[in-house]
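Just below is one structure, and these are the notes that go with it.
Order of writing sets the labels: A, B and C. Residues in every chain begin at 1.
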């Protein structure tokens, strides 16, 4: 039961635009990385955009969101500007984290995007913590936490799940199962394919679906988000998805066949949405908004190129809130 | 068989417990694991359960009592047993140090093992060198600086000086010989604590020659106490902000001495001569030469030189010029006095290069007259004049000041009658010359006015024995008292 | 002033801060119904209720992360570990989240968190339960570390820790919990970070210590006094930030120093102190700086061996004599 069938074209165009913005951003980021403008690790969200965009539609502004190092999509969906995002990738002081975090550590407190973390599963207790604070303060605020299926084996996932269920925290755990932990397919990392079943052991509600569109994601997640908001009960939602690029820029992706990749690309929710809208006669709107997005991304690149770098005075200043403790 | 029940250890850090309440009364039957009492410990209220079966015959520590671990709290046994003995012993006894609970007698089960002192310290500090005797050694160590200046020219008599060199051999890793030489590492670097160096800098102290009593000969603060200004001895805690400087001066007058920084030359003199005095076994041979013949010769020669005018090879001769030549000749005659000690061999030089001490601003230098035996007195005189001039202008090259085989130092122009000089290492000897003295002398059986010239030969006993030195001086005296050969050879 | 035991002083400090600020709460294993594994939180559940005194399952990493997350969005949690040894399970949360969130977010977030527990050796509790963990944590920029030795400092420092906007790690000692001392009653009296206390004045040698070892150092100082060596004992109280000024001022007076603490010899706080002394007071040293530490082995169970392994007054005395060239 979804509202998808009753969504207007305008809604769908808006959702498509957001997905397209993320996709183009990621593609340009990959290009910039190849040009040497971005260093370190770069984990692209291409193929998974519908999840972040759909989630944002189901969330309220004051809800907390937290994710892994594959965080550009969520950040942009929550409202971070492409400029702040690209500048952060380029390591500039105008980046969302002043160039100190990089790709894996996008933070935007104003939009309640609470990071970007590099340790698998390590952010999940933090998410339980922000949910804990909401409950402590008797707010109607929900925390949504994203992670990959590769996180479902590590201790912190289980501790976060266990405590969230025990203490009935207002949190939605969203597993973006893209079937691969770096180079390892999920059949080699989990004894049970259905990740959502892990909720059973903790007495937690669950949901599971294959991602088809941002509208679908919105509708399914809203159930869990409302549950958290109204009853302060957690949910584990597994969304089966796929990434079209390697785990990160250094991953040649030899662990999956090109047939599989091509087959999944044909199921790409973003492409399907475009085809949908095109069939609904929205080609010129599509082209217009795509052009706008292109300009926005190019502007972001230019902005990032021209922005200054952070100075060393920021180092000690961002280590402690108080005076530096030596 | 009745026995004492003792306060058990109910938590790891418990040292004593307070009986909060007894769950059994005197006379009650007790089964194994029955609750006897609630005991309040440092961490929580714990249950004291019985290990024994029997009857609770007596409560020794009523509720509310604080009892140390192992102290008796009750007696358990057969109903009706006589416990007077036990009750008595429990009253006054010390807590037995046992690990077991409920022992009948206060047996020190653990004691035998405790005899090896458990407080042998945790030796967790890094290992230190043992230097128990160092300080005693340092205190006794006398530096062989005796001046056994007996002045006898009996060649057979051994001078009473330290025959065995006291200097620490390089290979000897001596614990704290209070020996300045060992305060210097094999690379020549002085070992002193940073604090000592700071004091030395601030007070213009020289650390040369200071004997370090720290490990490896390190000079430490305590060693400065013998030196001019003692290190800080703050008995009052320092006032905030102000660190008191070395307060050796705090009790002395507030007038500060003039501080002259050490020039390179001063440092070199300090270093070399200290080393010489401390490593070379000096002894001294003195003669008093009849200087009338020398005086007469000089008068004559200088008059003749004056008469020669511009053709004179040298303006005039000094006593020193003549003596230098005489010494050179004597060294050729007694080559064993023109020698040098090395650990492997004694080197007897085939050249006679005489270092002549020249006083300059702030110190002295010793330019070398090479092949003095082959040069005429006039040539020597000229050369010395020239070298001295450049010495005072600080224009001597290092190679002109080194590698002599014998030294001469003349303080006659300062009115000194006699003195003993310090050997210039690695040379084997140095001749100190005083002034010509006009004084009564014995000639035949009469006492008449005459001239005497005192000179002292300091010898390195490792290479120049008394006999050798005496032979040399005899040859020298012979030349000086019959001086014409000096001009001829 | 009141005469309080060390554990009571911590409790008083936490309680005052909880009364003062609703955002402060205590979370950890057995802190509530059990009254605290070491009775530090005794009575607090009854006084403040289950929302403010939270019992957890055995989930150090989980509840540390929860505390960090809650702190990120404005609460001020006090996490109690049963002992600091168990924080190792939560090391990733402490190292990678608590210490890093501020920097990773470019300064947008901060973590006003307190982690506290007993630290160091106990009696015969074996190698896994006897660590001195401050040496791992002082290493990490983004964290602050303090270790009170007296009840007064225990109260004063816990209050400062709770009021601090950065993660503070607070190191207690099981053997100190029962010691009594005069403690200020005024709830506005706090002890600042980065300020050491001179526990004993002297001009013969500087002994630097913290926590339980301050008392051992004072014991050694008494014995040294009988032999004519007057030791100055510095109770650091604060490990990061470190009061290097107090240390250097003392060493400039005495010219020799010994650092006495629990912890393995390789690296750690003591080695950091030695570096600061040699760097900042090089010209005032008459002897190398020595450390008296735990022996470089896992802690044995056997009582006598344990006493050999932990640093003792005799070891301090020996070290003092070495640096005084009196051994």
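Just so we're on the same page, a contact is a pair of C-beta atoms (placed from the backbone, for glycine too) under 8 Å apart; a residue touches a chain by one contact, two chains touch by 3 or more.
On a predicted model such as this, the values are computed, not experimentally measured, just so you know.
Annotation: A-C is the more contact-rich of the chain pairs A-C and B-C, by number of C-beta pairs in contact.
Chain-level centrality, scored on Cα centres against the all-protein Cα centre, points to C.
We define each chain's centre as the mean of its Cα atoms; on that basis subunit A and subunit B are separated by 74 Å. Centroids of subunit A and subunit C (each the mean of its C-alpha atoms) stand 40 Å apart. Separating the centre of subunit B from that of subunit C, both taken as means of CA atoms, is a distance of 44 Å. Partner subunit C is touched in their complex by these residues of subunit B: 12-13, 42-44, 118-126, 128, 131, 193-198, 213-214, 220-222, 231-232, 234-238, 240, 243.
Interface of subunit A with subunit C (complex): residues 64, 95-101, 105, 107-109, 114-119, 122-134, 136-137, 155-156, 159-160, 162-163, 166, 314, 317-326.
In the complex of the two chains, the subunit C residues touching subunit B come out as 35, 37-39, 122-125, 174-175, 177-178, 201, 203, 232, 249, 252-253, 255, 265, 282-287, 290-295, 304, 307-315, 317-319, 322, 325, 327. By the touch criterion stated above, subunit C contacts subunit A in their complex at residues 25, 51, 56-57, 59, 61-75, 92-93, 96-97, 101-110, 112, 141-144, 164-166, 193-194, 240-242.
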